[in-house]
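Each of the next two complexes has chain A plus one more chain, namely chain B in the first and chain C in the second.
What follows is the complex of A and B.
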């Protein structure tokens, strides 16, 4: 019973962490609040569905296709819209707030574009749905894969930020963009790489989600909300804390429901969210003084 | 001589003109709004597809019989964004500005309820379809009718009787907090009590639930021999996947909304075999000769099965309108009279209204049996015997 709950919490937490990771990367480096983030998850889910039904390509391979497609979309958006706006500090400052509206537009276009192209009929497919039993846990193959891929990506990103030179420049841009530019970090390149990575991660999350949920053009919004809650809990732009907060949310949700009742889910999640905003606006794990 | 010639040519010209008029008969315009975007968008295609199939079939057969004259049909449609207030404005516009000849129904109970007063005010009849609530009975009868047999009090009563007849002694009820689930539950719990069926688990959960481990563990531990999942589409999927994972053993399993969707079986395959759901139409009922041809035509056009609830109800509402117009023409009062009094021959068998309600179609239950939806209750309409659920 308790190991089964632990597993449920880990799966929920890893998905929250992964979805929030993409959003946090983009916010951290570009200071853009991507309200369309969940819609990229939706795009990833459709990639998995169509790749499987049209080409017979298993979702394991669609992970790469979805990453490429969403990453490519990120590149297009960066080159087409944001590069110029971000290069002038005055415009960039206004852009932080405007990005909310801008991405809202992107979200509406993505949802309705997909709805027009594929209709809003719910889709689904079967993949790795056999149940494995071990150590008192019953787990379907697709949820194990979700957990595995999400863990690898989160851990990989942390290691990359810690040990790779490009990861250092990424952190430098997150912490002090101007100073990073002064010491020779190619800010433009870092920003472009980050938006592609952030979008690609959302696409990957979409493929993972599509194995266990129904796929519709409007499935993305709850993921945007969940990701926002997670990165506010962790502290905006704080990558490590965001991942920890994702898992924390999964645990609080799962064990909170077990201890109280399922109807308290929203109270638990949003209660925590409001409490953190009131008591620790820099995030549970954020530094008291925001470097900005 | 010349006069006769003249007369002949005038007659000939007149005949040509008459033929021309007959050919270019003004189309009958039928207006509706649909939740193409927003909260209910997912449900829209099953209904729109049924409307468009009907349109194709009517036009292919030479047009809609309007009191003896055949005229082509065309739809005038708008997106209400799943918002009842928008739908109200759209129907006002359809009636007063677009001046459509007939109306077809939108999706969802709240939008149907919001429209009822508008229809009364403009004295414009509309046959509803997907609305399901006891509140429907409170709508003033006159210009709107509801063909559904999924009325929560009847569902509660019939479900309890159905369960009793299959030897169920205890039931775990897990219910979404959304209106239809709660309404059904409020009638089901007393009905179960009356049948002597214990309810060891009775829990609610929110629509955005992501994990049912706790609730399903509780259900398994209770040893209940029925699981009544009063679910909406997304949690129907979640439930089936997790019930398989956690090995739910109850032989009687019902899932409320979503189990009739094509994607449900696509995504969950054999694991959802023998799941019971709510619905009153099956293509396999031989007593309804129109049922199977509708199923086949829908499948041929859209490459997926029609939704046993929404597609069937949408198509039925057009059949009712079609048969009423054949007798009454396009006069609103005559149509109202016809819909209120006639008995209609539909894909769901005969339908007749008393007040706003269809009193002929019994409240029934469907079961997924080897990929097809079979009626398993009540005995008067069943197409197959109920099968206990033996595994996932």
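What follows is the complex of A and C.
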């Protein structure tokens, strides 16, 4: 097993883990399936591109700008739409199913809005593309940054959920929102903070992606699919298992392609998705979470 | 501050339910400070619905809930907890994926309850030694009786001014039922105000200073617990003899 391949798998895995983390947080706490999640990754990528092109702002700073923009979008959508709907149990039950369609609409608007504003031409820039060599691995600076930032964010989130009182309250809302309210957790505030965080993480992931590959307005959908595969693999709403599953998908994809060819990428990912749904719908590590 | 003669909490003319279904009709109850007040009645009479409405999990359709002189009818659940109205819910609802200690600490999340958490945690372990043994274990791995103790402990961590104990013995083995009632006696001795909803009418009325008999979402009878036990109708309909 070559260490180069191992590194590639780690990079891919950390990105999947990061993108899926945001989706999983939002699904877990709000029970909304954000099918536009990948499009937030795209928005983050465009933030980095335009900040660099127009203002000369280095992409590492765009990490914060994209987080703020996407997080702010999450806040807007929560305050504008979901807060009221989620506070009424009868509406909330219907919303869970309808969120797919609602976010599909958001996705279409984001993709075509960006396409209209900036054309659908693929864009890219050069950043930190010097190659570092160590332990038999040739790694570009931008991939090292991607890996580093993704690892820090995933690990940070896990530590927060494990050790911080508010992390526990988030887990409490994921497990049982009514019980969380009963102990005194402000469920509304947790939901708002989570949707902002989840969206912000997607924006950050987008900036990281734009450092390593070309971007288009339609780049988001594959990320949505990959993130969905990851959280189904880990068990919906199970944050830790989702992160593990993100890395697992990175490894399966990277080594699977190395063993076959790049044309098998989709077959690998969708095959895995279908196999998990058929054989272990509660996720590989899964305890099923309760429907509301 | 209310004087001793005034009730700590009053529910007046309360109606509520789920969707189009009315469960509670024009309920009036009051709870004196430091007392144990029992709600008894058949399964489906509306006891749990009343508890949920008092905790704020269900909206009041009409009527009012007053606590310590303030109208809390429209106050959201977590703020009621902040004021000291703490529900220990039916079915326990402990967080199965959190440890015992995390469950307890989470019980103290409201601003009013955040001081000396460490000391109060130790006091809780003294009260429920079983929980100390299982401190690091996931709550979901414990037995029903242990989970009930955890749910009560979690509620006490919130520094309650009134504890709403909803069906605390539901599904428990007889030995655990006894334990739960001895905990209730202890809490009463420690000065806690308790509103208890219970299917085991006899035990509940024996433990209670005051009782309400709920039937079809209405208060049918009320009075001191002992007096209710001695009423022939109550004996026949609710105590099985």
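By our rule, the second predicted complex is superposed on the first by the 282 of 292 C-alpha atoms of A that agree within 3 Å, B and C clash if a C-alpha of one lies under 4 Å from a C-alpha of the other, contacts with A are read in each partner's own complex, and residues count from 1 in each chain.
Throughout what follows, a contact is a pair of C-beta atoms (placed from the backbone, for glycine too) under 8 Å apart; a residue touches a chain by one contact, two chains touch by 3 or more.
Quick caveat: nothing in here was measured; it's all calculated off a predicted structure.
On the superposed chain A, the two partners chain B and chain C both fit, without a clash. When the two complexes are overlaid on their common chain A, residue A:2 makes contact with neither chain B nor chain C. Annotation for chain A, partner touching more residues between chain B and chain C: B.
By the touch criterion defined above, A:90 lies against chain C but remains apart from chain B after alignment on the C-alpha atoms of chain A.
After superposition on chain A, the vertex angle at the CA centre of chain A, spanning the CA centres of chain B and chain C, is 150 degrees to the nearest 10.
In the overlay built on the shared chain, the residue A:172 is in contact with chain C alone; chain B does not reach it.
Residue contacts after overlaying the shared chain place A:181 against chain C, while chain B stays out of touching range.
Of the two partner chains, chain B is the only one that A:214 touches; chain C does not reach it.
Superposing the two structures on chain A brings chain B to within 36 Å of chain C, judged by their nearest Cα atoms.
Interface of chain B with chain A (complex): residues 36-39, 41-42, 44-46, 177, 203-206, 208-211, 213-215, 217, 233-234, 237-238, 241, 244-247, 258, 261-264, 266-269, 271, 304. Within the complex, the chain C residues that touch chain A are 19, 55-57, 76-78, 81-82, 86-87, 89, 93-98, 102, 105-107, 109-110, 113, 154-155, 158.
Across the complex, chain A meets chain C through its residues 90, 165, 168-169, 171-172, 175-176, 178-179, 181-188, 287. Listed in rising order, the residues of chain A touching chain B in the complex are 1, 4-5, 8, 11-12, 111-112, 115, 119-126, 129, 131, 138-140, 143, 212-218, 222, 253-254, 257-258, 261-263, 265-266.
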